[in-house]
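One structure coming up, written as structure tokens, with questions to follow.
We just call them A, B, C and D in the order they show up, numbering each chain from 1.
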């Protein structure tokens, strides 16, 4: 059984995806059952592995791949952290997507690629070496592209082309880094403390070379992480359907990049070695710039999804910042934000989707009084937004707290200023939305209810709506949309409230952190 | 030996002629003709480089190679001629498009 | 070096050059035929009568005739059709040449290097030549060239027949323009009536001679083809062309070659080998079948498609 | 038959059997065609399986002296692992293409009548080229391949195809004559036509005579012309782009490769005798030129098959890159050889799949420009999948064979301390991605209404393309096994491993 858990975790979504491709468009029930079944199965597998790891069982699978390089899947603590997040949020997103896409065309294709996308993410989480990581990293690029261009309009194709140009470019740089490193030190498997911890001093390449390789790694991974100035693709990709945006931002693409940076810093170079190379400080600077830049750009966006997108640019860099802070507290802050940001951001995107789907609201200026019409969704939105700002007891507070500690611990007091300034900016772009939503009077008619098409950029949403019976004239979003939204919001709260409980994200991250530093 | 060596420059010259013809002639048929001339030059070199034995008979292997080569050349020529005829019938041209363009520029 | 050789060489170059520069391709192909015949003489002087036969029959004869046929067809259509011929450039400036000096220089340089190379080569007596002489008795074929063609390097010959057949199949895929009806020419008919049976005899002789002297299937096949074509041009009542160029006839030679190569080869212990004592009849059978197929192939290369 | 006899007949049968089938297809009535081809393919598969089984234990090549006459008097066939890999590749591609062609050609069409015999004779020529160890025989085999390929190119009988075929023929004939010239020089200088004895002779002389280098140069130019290495690629795009689809697949997948394989063989044979470092660098630079130029031109094409054909020009460039490191004593020599073989296999499978898939889309849209791609995802999802997977391998994304090849090339470059090549390989990846996605993105647009009335095509067409594409796209998983099996060190010169 134990040997089967790893492949089963991957296969659950892969096989489901491949089968779904060939399902006729009509068989909604079968497709939904497959989707949900696969998501639950994957969650069960992950649960079993979590339990098994606690019992001291190690999960590892090696397959022959390139000459001298194996395909290595391994469930180590760091990977489990990410895979748990992915599996959980995939389940929520699947439910949400079933509701969101109800009645729209090409759903078999959509869910097929959707499943492939999750397979790739899980593969990234479970990769045990660089080659395997790269394999799934590129698969993710490919599987996401059809989701972004799903609507098939010229505007969408342009966004897709941009996405590809950025991510394939990043992939190429990453590949260069991987090959260069492995020609120097041989095949690299991820290991706590990094490869160089166990390597002979004589076998260690010269410092300039290592700095170059590190820079290539960060540049390559930075594209998906949307580190400024490599973030250009992200706001454009907002043309994708809402579940895709949720997936891109919370779990899959952006997170894959951030996770990759975590892997490279901690388990390839090793935090101690990276510190001695002196590459952490530049990384922290880049992350800080991105944090401030993203927040500033978010301030000026009126389109809700674009504001959220720039917020993502900013928030993901918290993870990178935490990674770049030398000291356990910074590490904890960065890693735990990997989870917390995912949960909070998916909540926000679900809400944005709910607004657009139910009322045709896309812009912040249209959101006046929306809290009265859609109280549950707006409540969830508020939780996510407050979490992002860092208000206790939502999960975001925990992250920021540890990041702050890390800044002090590593002696970079300017980082503290960056954190405070960024939180102020967070508040500046989220609080007005909350004020508008809760305290302003609602308009006489909502954009979509008036029978006119939505104001801009949502021709497809109009089609979707038209295909349906017509949206409910009163009340909140449809149950299939509301349920995952509320679950995600609850998770965001729970992760903050129960941070001290065993097996909470924070607890797990502490356990990981202990393995990364020299005793 | 002295009786043989005259064929070396002759063969080389034929190769040159053929090469020039294949590269420069614009008519397809003329290119095919040049191909045959070049082939003849090569065969001449082959036999000139294999001095006949004391009995005056040339190297049988070389002879066999040349006979094989001649047959292959005729196969290629026949195919080329047929394609050229068919092409002429369809398009009215005896030259390939890029050669036509080049001749017009002259 | 003697005067005859020198004269031959100069004439050869002259013919080749004027063929390439000739005003029309029709003239060029006539000059090319002359070139081929002269080359055959050279082969004789170089001690290669087998090559001379092949050159005269195939290299000069068939290739020249093919080119001439096509050239005259182009010419007649051009004059008869709506497309007028371009302005004729006077001799010696050739028509249809485009000078590209870089290419000319490149070719000149190549030829110069080639000449230096062939002059520098010190010909070796050669392991292969000696081996032929040594193994000739064992091959049970009297004529060394035939031994090379059908025993030592029979595989080359087999593939070469395949090349010929591929050309035929490809040629038949591009159907020929309809042949113009040929006017009945009483003189030609008279000549043909005598020549055709004679040519058939010559073909048979060449075939038979191949095992011990110069000659063989290729030359015989070429003569056969010539006879058939002559009969056709002369509109003799015995016009076997339509039957002769049917696929089974064309394929016969190669099929038999492969069959014998495998069956006899299995008995002899190596593909394309012959069991000892059986060499003569087997080689003769292969050659006979090849002659028929080669003759038919050459005819087919000239004209008719499969369903003609 | 005894075992010895089987061995004596095995290798020759690999050539003679497809030739006989081709003859049968030409001479026998058409109703026997399908049965003959199934029989032919199965027997050939059996023969190739036997070769693999015989050579499973050791990489020592199989040899067969034809007619029982050993080289240098006779001609020998040699099946080393390179040849085996090619035999298998050819079998796979042919199986897919023949099945595809059955459905592609309307029954009884004139083009189909000629396609079958020519395709089978081409197969014989390819196998002959892989196996032959005799210089002149290689020439004959190349002619067989070349003329069959020209005949196949001209099959549609349209004026553009005829012009393409003629250009192809003239280029091939020039190449053949250059090859023949080299044969003459080497035969005169060494008195032998067998590859290994020529190589041994040249190596034994000590200082290699310069005319041997000239001969090698002639051979290389000739084969580079046949392999369409830029700037000698001028004939390729029109020929591959205008032929009927099954032919395009055969030409790009196999016909280009046989000349490359012979090139590789001669290179390996002569490298110890001649100092080829500068030449290797030159080839790699030409490859660079080819890959950039081909990609740029692919980006500007309007017809889908022309785009794929120009992509071949670019991909051929990568095939020549590893020659920069394929030198005796070179650090990355074994890696370079593996890279060449992997890339060769990857390109063959992917390009055949691409052409077959593009053929489906062109048929279903009724036009051959890029517009035919519109709505392909919905119209022909399987063909689109094949196109995508083949594209993945062409770009060199994992886990494709193309990725494995690129990986080995990058390692070879870094081992030889020549990292600038890396920039090219990586930049080339992006260029390839640019033209591949130029095609793929259109597939997501809605189907134009004009296409929708057409009758659905048989699924078999797309499935054949998909099978090859899957092999290319997932082949990376077999790369380790493939490289173990290939045992590149044994193909190289003694004392020069990686």
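We take it that a residue touches a chain if its C-beta (ideal position, glycine included) is under 8 Å from a C-beta of that chain, and two chains touch if they have at least 3 such contacts.
Note that the coordinates shown come from a computational prediction; the quantities given were computed from them, not determined experimentally.
Chemist: By C-alpha centroids, what is the most central chain here?
Modeler: D
Chemist: Could you let me know which interface, B-C or C-D, is made of more C-beta pairs in contact?
Modeler: It is B-C, judged by the count of C-beta pairs in contact.
Chemist: Report the inter-chain centroid distance for chain C and chain D in whole angstrom, where each centroid is the mean of the CA atoms.
Modeler: The computed centroid separation for chain C versus chain D comes out at 31 Å.
Chemist: Distance from the CA centroid of chain B to that of chain C, rounded to the nearest Å?
Modeler: The mean C-alpha positions of chain B and chain C differ by 13 Å.
Chemist: Between chain A and chain B, what's the gap in Å when you average each chain's C-alpha atoms?
Modeler: About 68 Å separates the centre of chain A from that of chain B.
Chemist: Using mean CA coordinates as chain centres, what's the chain A-chain C distance in Å?
Modeler: Here chain A and chain C have centroids separated by 74 Å.
Chemist: Multi-chain contacts only, two chains or more: what residues does chain A have there?
Modeler: In chain A, no residue touches at least two other chains, as defined above.
Chemist: Can you list every residue of chain C that touches 2 or more other chains, as numbers and ranges?
Modeler: 114, 118, 121, 123, 126, 128-129, 132, 152-153, 156, 160, 163, 166-167, 170-171, 174-175
Chemist: Going by the contact rule already set, what residues in chain B reach two or more other chains?
Modeler: 15, 18, 23, 32, 45, 49-50, 61-62, 65, 68, 72, 75-76, 79, 83-84, 86
Chemist: Could you list each pair of chains that touch, in label order?
Modeler: So, checking each combination of chains, I get A-D, B-C, B-D, C-D as the touching pairs.
Chemist: What residues of chain A sit close enough to touch chain D in their complex?
Modeler: Listed in rising order, the residues are 21, 63-71, 106, 109, 131, 134-135, 138-139, 142, 146, 149-150, 152, 154, 157, 160-161, 164, 168-169, 171-173, 175-176, 179-180, 182-183.
Chemist: Over in the complex, which chain D residues touch chain C? Could you list them?
Modeler: 1, 4-5, 8-9, 12-13, 15-16, 19-20, 23, 26-27, 64-69, 72-75, 110-111, 114, 117-118, 121, 124-125, 128, 136-137, 140-141, 143-144, 147-148, 150-152, 154-155, 157, 162, 181, 185, 187-193, 197, 209-211, 214-215
Chemist: For chain B, which residues are in contact with chain D within the complex?
Modeler: Going by the criterion above, the answer is residues 15, 18, 22-23, 28, 31-32, 35, 38-39, 42, 45-46, 49-50, 61-62, 65, 68-69, 72, 75-76, 79-80, 83-84, 86-87, 90-91, 96-98.
Chemist: Which part of chain C faces chain D closely enough to touch in the complex?
Modeler: Chain C reaches chain D through residues 113-114, 117-118, 120-129, 131-132, 135, 151-156, 158-160, 162-163, 165-167, 169-175, 247-248, 250-251, 254-255, 258, 261-262, 265-266, 268-274.
Chemist: Spell out the residues on chain C that touch chain B in their complex, using ranges where they run on.
Modeler: On the chain C side, the touching residues are 1-2, 5-6, 9, 12-13, 16-17, 19-20, 25, 28-29, 32, 35-36, 39, 42-43, 46-48, 50-51, 54-55, 58-59, 62-63, 66-67, 69-71, 73-74, 77, 81, 83, 96-100, 103-104, 107-108, 110-111, 114-115, 118-119, 121, 123, 126, 128-129, 132, 144-145, 147-149, 152-153, 156-157, 160, 163-164, 166-167, 170-171, 174-177, 216, 218, 298, 301.
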